[in-house]
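You will see two complexes here that share chain A, one where it goes with chain B and one where it goes with chain C.
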Partner chain A sequence: MRHSFTRAALMLCSAGWLAATGPVFADEAKPEAKPLKLTTTADHTKFKQLQKTFNSGPEVTKACLECHTEAAGQIHRTKHWKWEYLNPDTKQTLGKKTVVNNFCISVASNEAACNSCHIGYGWKDASFDFKSEENVDCLACHDTTGNYKKPSGLAGNVVTKDMEFPPGSGKVLKAIDLSKIAQKVGKSSRDTCGACHFFGGGGDGVKHGDLDSSMSAPEKELDVHMDATGLDFSCGTCHKTSSHDVAGSRYTPTAKDSKGAHVRGKADNGNPATCVACHSNAPHKKEARLNQHATKIACQTCHIPSFARGGIPTKMTWDWSTAGQLDANGKQITKKDAKGRIIYESRKGDFTLGENVKPEYVWFNGNVTYTLITDKVEKSDQRTPINKIGGSPTDGKSMIWPMKVFRGSQPYDPVNKTLVTPHTAGNDDTGYWKNLNWDKAIAVGMNTSGHPFSGKIDFIKTEMSWPINHMVAPKEKALGCVECHSKDSRLAGIKGVYIPVRDNNKLLDTAGWAIVLLTLLGVLGHGAMRIVTARRH
Partner chain B sequence: MKLTTTLAVGTALSLFASTAFAYDADWKRGRVYYRSVCTSCHVTQPVGTINPSSKTKAEWAAYVKADKHGKGKETVKQYVSKTYRESIKSGNKAAEKFIAVPETELLADIQLFLQRGAKDGEAPASCN
Partner chain C sequence: MAERIYVFKRFERFWHWSQAGLIMFLMLTAFDIHGTYTIFGFEKAVAYHTTAAWTLIGLWVFAIFWHFTTGEWKQYIPTTEKVLAMVRYYSVGIFKHEPHPFKLTQLRKHNPLQRLAYLFILICVGPLLWITGGLYLFYDKWAAWGLTGLQLEWVATGHIIGAFMMLAFLIAHVYLTTAGHTPTAHIKAMITGWEEVD
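Take a look at the complex of A and B:
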């Protein structure tokens, strides 16, 4: 009896073994080797520091810093942390903390919402401690599970217990398991960078035009470098990071890279995120003539024929002046286009959207000057540039670049003649998105940003330029000659350079061809006379 | 005593089996395979594309467990098999790229992607 029970127990255990390994043995002829992680040298599930329940983001950071002792200090030096940057050329203080745009306008007084994209925890107002190491958010960039979330409105904090938010709304924010996420940290990826950069401006693809969620796992047609089944670049492949500082900022872009391909060991390699950094200044091996083009034309101009190509539209215009309309019941309204995409919201105004958008082209030398909240603006027929793109055909530093030019109408102070920083997001009486009251929203926002406000409000037309860098098409899909060398050239607005066909003169062409014809006739006539003369002799 | 030892050894073996062969599924690889192989084929079939977010997590789990494709005429697993990947690799970059991945791992990758991308998952997903 005892013997048979032992046998039964063994059979039971064997069954357990088979159940666990069954699929492996059933599907494969022989057992698989133990899976080995090749993308990291450390399996974070094995670290005792991470085998616990975490009740907040800073608790995780504290655990990370036990081993990665210098990481927070490195982060503290970066734009991603400070949201502040002194442009060494223009001496302007830039960064998200300071600049004004024509999308959601500004961060000041909206920190709790905007700062879900800050790589820190708890930045809700000016009291945020930028020196705190525990406030650094490691998981925002190093999560590999895709489950790490920083909901808008929580000042960059995470949810570790289910909570109703906004309070009284009936909406529940689900808790995330920080322990599981922390145990699976890894390199940054298109998904981690994209969690913010794909959704800038308040939604998928809204801001950049060449960055949206279709780039998280794109096909070759969409981006030849990030092609998930091909080269599979992450953002960091080009935006090569050093001591946690990510290269390739749009505050000081490299418009013309004359330094050639990067070489290991060379002291001054420059910006690693340019095309030239890999492809050199003479990238066309078969058509040398194209390399001549590359001395004046940015690679992106020909190799990114259009943006927003991944099926997700980008916002092209935003008119804040029409915000505030209500329905017959006094409720906020939303309007959608035929494709079901939002084109009007009471809290935001009118939008237009674009897909497969042809860029606009300008001479660009890398200098960008921002219109800041301290700068005077004048309402006129001309749009006020949020950022002035520097460049000319003659400065020797400029190339012809593709841009997304985003146009809008936004509130400004007509007495002080400045742009304004409205308080938009927030579940309070002064948040514009809740109460649709510009007076309150702008007064609070300007008070928070520390700038004078006259109390008068008007709307001013603005435009903002975004250099296009991503969504690089396969070379077969690069622009053909006629896209520029034709009367309806893409470069119609580019001055200071002669572009054959675009710039031809009919009279000059006729005269030239006449000369060619006369020359030909002369040659033929001369030849004929020589033949006739030779026969006579 | 003997029985206790036997049971202990058996239990340890079972636990070892489940941990030694535990595979840490990669939802990103599952995403690429689902979109590049499953979706690319479904686009041209009468049934059309099937967004992961069109089903709940439980529905996807049941679907994979039932292992029935094409109303039960085929299995789901066969479309993840190395044989199938081999047969389409000349025209499908994902199949070619993941040709060496064990079937169980690839299926686990896809399952994890479907769980995340389900209607009630952490990140409801479309086909592109």
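Take a look at the complex of A and C:
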């Protein structure tokens, strides 16, 4: 108290002295300091290699590699490049190249469209050279201008001269200035990651539910870490990248991080993208009881009360079986809901959308088993899991996790009993989105992915689970106790734990209240009799 | 002519009434937590219940000290003497305005049934509530204490049974305060310390 008073007094005095004597400390003849970007030691506008016209993406990459000689080699080892991943636990070969989902279903035969989100140039079919260094796309992640675009249909290539696309459509794709973009490269950002991860599944917010363009500059309410005027985390703040390999995985997620907070100097091979990696396993300072909760409940369960909170809806269901309807003129149709959001397209079928969606909760131990194109599926009342979520209350490895469960109906081969990989996108005469002919689309798609197809088509109900990790709310907005400790608990479906109030024993309550009531009746009766007998005397 | 005896000393009265208030508040918050009704809501009710419980423990530290230093603990030693007479009085005699079979003195201020009832609360209901309540509070320490086999469901069930028994006791206890020399004699005694006896 006294100390701060003294300091304040000193400051006042010196301020008065300065005012009285004038600005003697003002820079006199010194050259004005240049505004420096403190995050980097290199100003890329100064590099001769970048002061030229680039006619293609690979030309830029070659220039990058002149200095960053090992960058392409690092990229070549990553999932982002290979779209292939061997799950060491299940031994399943996964990756975007291989898996089947219940959104746009699969990449094979649709590369030209899907691979606009590949961090490379020119992956249009299986002939793509994964060893090519110049085909690595540096700018997809390192653009800072927001002008870098990789239009769908060009196999990840960029447009350097205005072009009509698709040919004959009258639509023009505008050229981008690669030179300007290359001179302004910087760290990855919410926008660069978001250019693909916000738009997965074919549109803004479609796939994840906790990632959409509202996360590009979120408010604190939407994401306490990424809060653009607050902590302002980028994706890479948590998904701490090492040698271009981005930490965090949906194929082998860390469901329970028992290693505690990461400390510099400590050997640590753990996932840096978990909550615990920063917050430790006992982050609740005031309420120790909550730390106990955190031994069984993932942080996300309480701290992400709902997803799709940023005003952009996420797709919750997708029924491919209703696709193909035409209007009276034989034209494809689009239906919209009252808010003008598309809920039916001839080429895709029916959708339902959700905003502020309460997650579903499951025990999750990090094991995810995919139903691959080579796996047998059986049509039944049970939905076929696209990715089966492992976990149980008793395995010691599971936590209660929030999920977006995406349910759909998609084509499958009822004879071979497998899912199928239809050819959807493409300006040709077999792509489903243009021709609305499943027979051709699936035959071509299965031929491309190299799997047998009987020629018979039916639809099968599937579901896919997406662990919810983002859109972490400020602590004041975390779930209150009654969200789970109530009769209509959010954790109604969670077995293997006793949750006070949710699991109140009816028999015990009935017996307890009966005893209380009998006691009350007993004393009232006794009292009444005393009053009556008092009058007689 | 009624005689007056000084039965409840100042500390004892303070102890009784603050305990009574705390227990009633614990009851109120207990069934709020339990979901029977919503007054404070689960979160606040848990916080209040916990604070009230710790306060009561604090009060008990003083009460236990007082009981031992004054020898008042002897008031809870059970006796079979006149128990049947008391049962008969409450079930028959009280309606016929027979004299109370128990003569209250400073050294025996609880009638034999009262002694048994309080002792039952002291050694059964009380410990059940305190042990299960304590385990509830320190749920996060179970593993550290080696209580790996303990199930939260057992603890919760025990605590709820204790709560119902305490509530039943409370009702009977409040009613029986009217069964003194006059309907308000016991309550007056608990407030002023002085009991009127026959």
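Criterion: the second predicted complex is superposed on the first by the 474 of 537 C-alpha atoms of A that agree within 3 Å, B and C clash if a C-alpha of one lies under 4 Å from a C-alpha of the other, contacts with A are read in each partner's own complex, and residues count from 1 in each chain.
One rule holds in what follows: a residue touches a chain if its C-beta (ideal position, glycine included) is under 8 Å from a C-beta of that chain, and two chains touch if they have at least 3 such contacts.
What you are looking at is a predicted structure, and each value in this text was computed from that prediction instead of being measured.
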First, second, both or neither for A:Gly527, with chain B first and chain C second: second
Chain B versus chain C as contact partner of A:Gln292, first or second or both or neither: second
Which superposed partner A:Gly230 touches (first chain B, second chain C, both, neither): first
Touching partner for A:Trp513 - first (chain B), second (chain C), both, neither: second
Chain B versus chain C as contact partner of A:Ala338, first or second or both or neither: neither
First (chain B), second (chain C), both or neither touched by A:Cys481: second
Residues of chain A that touch chain B when the two form their complex: 2, 5-6, 9-10, 12-14, 16-17, 20-21, 23-24, 27-28, 31-32, 34-35, 37, 145-147, 149, 184, 189, 191, 214, 217, 219-220, 228-230, 310-311
List of chain A residues in touch with chain C within their complex: 288-289, 291-292, 295, 480-482, 485-487, 497-498, 500-501, 503-505, 508-509, 511-513, 515-516, 519-520, 522-523, 526-527, 529-530, 533-534, 537
Touching residues (chain side chain B, partner chain A) in the complex: 2-3, 6-7, 9-11, 13-14, 17-18, 20-21, 23-24, 27-28, 31-32, 35-36, 77, 93-94, 96-97, 102-105, 116, 122-123, 128
Residues on chain C engaged by chain A in the complex (per definition of touch): 33-35, 41-43, 46, 90, 94-97, 139-140, 151-153, 156-157, 160-161, 163-165, 167-168, 171-172, 175-176, 178
